[in-house]
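Worksheet: one structure, shown below.
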Amino acid sequence: MSSHRAKTGIQAFDNMISGGLIAGSANLIEGAPGTGKTTLAMQFIYNGIVKYNEPGLIITFEEFPQQFYHDALELGWDLRALEKEGMLRVIFSDPETTLHEIENPEGDFVSLIEEYDVKRVAIDSMTHFEYLTRDHYEVRDIERRFINALKREGVTSVLLKENDALLGQVPNSITSKTPFVVDTYILLRYVEVESAIRKALLILKMRGSQHDKDIRQYAITPTGIEVEETFEGHEGIMSGITHRKPQEAFMNVFGKK
Amino acid sequence: MSSHRAKTGIQAFDNMISGGLIAGSANLIEGAPGTGKTTLAMQFIYNGIVKYNEPGLIITFEEFPQQFYHDALELGWDLRALEKEGMLRVIFSDPETTLHEIENPEGDFVSLIEEYDVKRVAIDSMTHFEYLTRDHYEVRDIERRFINALKREGVTSVLLKENDALLGQVPNSITSKTPFVVDTYILLRYVEVESAIRKALLILKMRGSQHDKDIRQYAITPTGIEVEETFEGHEGIMSGITHRKPQEAFMNVFGKK
Amino acid sequence: MSSHRAKTGIQAFDNMISGGLIAGSANLIEGAPGTGKTTLAMQFIYNGIVKYNEPGLIITFEEFPQQFYHDALELGWDLRALEKEGMLRVIFSDPETTLHEIENPEGDFVSLIEEYDVKRVAIDSMTHFEYLTRDHYEVRDIERRFINALKREGVTSVLLKENDALLGQVPNSITSKTPFVVDTYILLRYVEVESAIRKALLILKMRGSQHDKDIRQYAITPTGIEVEETFEGHEGIMSGITHRKPQEAFMNVFGKK
Amino acid sequence: MSSHRAKTGIQAFDNMISGGLIAGSANLIEGAPGTGKTTLAMQFIYNGIVKYNEPGLIITFEEFPQQFYHDALELGWDLRALEKEGMLRVIFSDPETTLHEIENPEGDFVSLIEEYDVKRVAIDSMTHFEYLTRDHYEVRDIERRFINALKREGVTSVLLKENDALLGQVPNSITSKTPFVVDTYILLRYVEVESAIRKALLILKMRGSQHDKDIRQYAITPTGIEVEETFEGHEGIMSGITHRKPQEAFMNVFGKK
Amino acid sequence: MSSHRAKTGIQAFDNMISGGLIAGSANLIEGAPGTGKTTLAMQFIYNGIVKYNEPGLIITFEEFPQQFYHDALELGWDLRALEKEGMLRVIFSDPETTLHEIENPEGDFVSLIEEYDVKRVAIDSMTHFEYLTRDHYEVRDIERRFINALKREGVTSVLLKENDALLGQVPNSITSKTPFVVDTYILLRYVEVESAIRKALLILKMRGSQHDKDIRQYAITPTGIEVEETFEGHEGIMSGITHRKPQEAFMNVFGKK
Amino acid sequence: MSSHRAKTGIQAFDNMISGGLIAGSANLIEGAPGTGKTTLAMQFIYNGIVKYNEPGLIITFEEFPQQFYHDALELGWDLRALEKEGMLRVIFSDPETTLHEIENPEGDFVSLIEEYDVKRVAIDSMTHFEYLTRDHYEVRDIERRFINALKREGVTSVLLKENDALLGQVPNSITSKTPFVVDTYILLRYVEVESAIRKALLILKMRGSQHDKDIRQYAITPTGIEVEETFEGHEGIMSGITHRKPQEAFMNVFGKK
């Protein structure tokens, strides 16, 4: 497994994925509102530029670039400066145009990728492709074609996807076929622990690479995403509502043998 | 994170959100009937005026202003007096008109915001936008446009949203895309504890700011919302139906080590 | 909170709601079949007349008045006698007519309320408004208009609503928007305790008033509703299927410390 | 509560309902396939004739009378003999005809009730009325009219209703509005206890009468339904899948204090 | 209960049903894929011929007879030989033809039953009748007519039905009305026990006969179905995912008193 | 049970299925994204060629052959080399064409199977047949015809199927009728154990063969699928979210007796 890796620059996370995302792969990041999907994507693009010298492209279907500049700046990342240096493009577009201009070998996005020598792309978000048609198969086909076009250009992409589940068991089912089409499938989830809401990250799929199977805590700190330890001592994490393992409860009362 | 803050004037709550809502942001407050959404919004507007000298605007799509005056007065807040002082407007409108008059730079609501130098806006409730069309994407688009218009005017808004879930796990899923569009997402929930119904508040999302991750109790007191402690010693809070942690139960019987 | 109170005459219940329902308010009582909704409504009307001298009006959309007379008489309440005294009217109507005759300031129900000086109204049940149209918003609007008309007349109303949930977690969600529109929202539920079915009452919402947050047991006795203690020592009451708290179980075996 | 009672002749069951069903009332018995609904109805009719001298009528919408004769004979009840004595009629009909001939004061079923002086009626089953129309309100209206017609004739009726739930929490919701329309609502359910399937009976509603709140076991014996004890020592009965109360489990291991 | 019995030849199973299926009855066997429905049906037919001298008929709507011959031979049952002896017919047909040819007193299947003196019939599967129409009532009516035709011919039938539930509580509801129409209702289910999948058999309904209420384990052995013991010591069997009873767990640690 | 076996070459897995898949059978492998369905299929085909000298055919409806070559090479399997040797064909097609060319005895796929003497076929994936029509019965019929055609050609097939369930109880139901039509039904599932996501494999159905009933762990290693031990000491595996058996928890604290 000697594939070239596109490091995210988040050390603990890169460790989980054997060094980084596989160069040229399509990586889905799915989570509920507030789980930090966009932050993770911006961090991947920002670090790509400043740490690994890989020019980036952010395509957004809802937020204006101003919002990206502003939110990134709060985290200490000056995207506008990077744009001026010719290392980044943040573009507001719509799914239909985007598909067309990236699928067509002479499309605008293809030209842009080649002109800027873009190596990393973030899409915010794949969910907007679902609004193009009500035919499930067509959505799947559109997403497949879009992902294939990104791969043809050789870029490493981070594809964001909205997940409506806040907590609980019901939503533990995929709601679109996207996870079957991508190379990597990363889930961000809320978890209730001891009367607080923490965040959990797990990697369910990573084609052509070994990856950590742990469910890890992470935080959105003033300087970006930080991946932390597992939820040791708790059960039912993916149910969203944990409980202490009975063993832990016993030991706290009777002492450890 | 030096953003200007719009304090709610509820001390414990302002502490949870690093000092206050971010000035100019759109803040969603979602809860079941009786969880105090409207009280929280009125308190934000009232305190804004009397404590922080920020003129307010309340737009309501269902209740008549009289109901607001009456309910606020029960809590000791004389909205009518504030209206006479030119510091507040309480307006009964419909979603369609409201969208038009705030999106259009020369619309009535825009004029009103400018004339009164309105700094805080409360919308009761976003749910009514969902009745405008059955097309989910269109609802999302309408809400996005509405929120963008509020931001363009620079006001700090509190957007109420009805949540049909009383208790239990099934509704632990968002039912519209609004939480993805707003800056802040605050949930109010009922929780059964020891044969009583208490209320829980948690902040799931706050763009550009650190915030408390605790699930906190709160009460609607004769003088407004008061945020209290966590549910320490109980598990399963977000399921709506808690149980004592086994450890707590053991300790109560066998004593603490 | 000095609002005038319309006492129900059920002492323990009046205590839970700071003395009584707020005069002029609209109060929703929701429950499964057999939970005693109609009994509670009749008791409110009957006590209003004989204890507090407030004339009453019962509007029923399904049961004939004869059934009301008969059922009330079983509980010792002679409604027919009260009708003869001019203190009560029991009327069988349909939702459409009722809405029209109460919304129109010169409608039949308005005249009747004024002629009899009616102070208390019971509607059995709000559920029948849902059959008027399949448009959710229209139902909400009809109910809002109906409730506003009742308020305009200044009567204190008890609005019954059928809840299809017998037990269990799934139905812990409101099934219509009525609870958002009313002033008070009271839930009646079945609860399994120790191989028996008991009944639980809780108040989720009461605009402009403090109220008890306890989940209380109640019984339908030969003389009407009686509100009793909480379910102390049991958990999961709102799930419909309780279990003893582990602590209680431990103490019963090992003794109390 | 001195209403005349129509005893079922099942001693333990009559005790649960203060002596018997209320004469002239409409009594819903709901259960999954195999819970003994038909057996209970036949027993009510058979005992009515042989023990209390009340002529009976069984209307069936699916089974042929031959099946009834055969199944009853297995339980020692010779329905055919009772028909010959002029004390019973078993009639195969369809819901539409039945409604018409019982609602119309000069209809065939009305004549039959009067000619035979029928006091008890069994309907197998109410579920077939649901096939008449897809309009929920119309079903409710049809059932209400049907029940009112039965009441007008003064008969005590046992109305069977199919429940699709075998076990588990999801179906703990009523699936039609029938329970709101009838006087009595009796549920028959399967319950898993110690790797066996037992049967539970409970009375959720009984207008104008006190009734036992216990969840009772019952069996279909070679001589008919027998009502037995509660499920003492088990929890979660209405979930369909019980567990021993932890207290019981402890006591079996550590002994009783 | 002296009805003539059609023994299945599976000793432990015949014991559960008071000696055998009731001659002339319609018996539904429902289960998920792989639970051995077809094996059970073939065993009933095979044993009928070789042990009890009752000619058999298998009607299949999907599998070719070749598959039946092959699968049966794996279990040591030479169906082809029995066909040659004139004791068995295995016929591939479609639901529409089958209904017609068995309902019509001069239909092909009626002739065949009479010619071969068929006593036992297996239908694989009833599920295919559901594809004939989308009208639930029509499906019920078709199945009722089909079953009545089988009864008219006096055969003992085993009717297979596909159940989509693999494990878990949600599917604990019947998905068609067939169980209400048949005489016997037997469920085959998967159950997780100690990190393995076992199989459970239970009889929910058996008209005119006593039957075992136990939930029994069974296995598909190289010589056919074998019914085994209950799941003693485990709870929650019908949830599909058992757990040890706490009592058992305690005793294994602390010893039995 | 002396059927010829098509070994997968995964020793522990072949042991679970009495030596291998039955030659000529249709074997369904179902799992969520990332569970290794495709890896398992490639391993079956690759081992078939290099270990058992059985030529293989892979038909893919979404991935290009290049992706297969690449992913296989990561696992050390040089598919392209095998193609050159004439032992393998990897073909990108669509469901419609595939059905036609394999059902028609003179179709392209039939010719190819005969020309290459193909013994093993992998289909990635059956799910794509569901996009051909919205009629459930037609999907079933298409799949049955497709499977019959494969059987007619005598090949041993591995049919992949996408399962949308990530974790939890809700999806424990089959979502298509495919499992009823195939000979073997193998489930791959995610399971949360101790704050990590592991993978579980179980065999629910295997016509004409004994098979292991254990729920086994497995891993996708750098050299392919490896089947490991059971989840001993944990309960609730098929719920997706395990917990330690209380007995285990006790023993860890109090010691083993």
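Should a chain be cited, it is by its letter among A, B, C, D, E and F, assigned in written order, with residues numbered from 1 in that chain.
The rule is short, and it goes like this: a contact is a pair of C-beta atoms (placed from the backbone, for glycine too) under 8 Å apart; a residue touches a chain by one contact, two chains touch by 3 or more.
Every value quoted in this text rests on a predicted model; they were computed, and no experiment measured them.
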item	value
Contacts common to chain D and chain F (chain labels)	E
Self-contact between copies chain A and chain F, residue sets same or different by half	different
Fitting chain E to chain F on CA atoms, where both chains share a sequence, rotation angle to nearest 5 degrees	60
Whole-Å gap between the CA centroids of chain C and chain D	29
Separation of mean Cα positions, chain E and chain A [Å, integer]	50
Separation of chain C from chain F, taking each centre as the mean of its C-alpha atoms, in whole Å	58
Junction residues of chain B - those touching two or more other chains	169-170, 246, 250, 254
Pairwise touch network: line, ring, star, complete, or other	ring
Residue numbers on chain F that touch chain A, as the complex places them	32-34, 62, 64, 70-71, 74, 131, 162, 164-171, 190, 192, 194-198, 221-222, 240-244, 246, 248-250, 252-255
Contacting residues of chain D [partner chain C, same complex]	1, 3, 136-137, 144, 148, 169-170, 172-175, 177, 179-181, 185, 187, 202, 204-210, 213-215, 230-232, 234-239, 245-247, 250-251, 254, 256-257
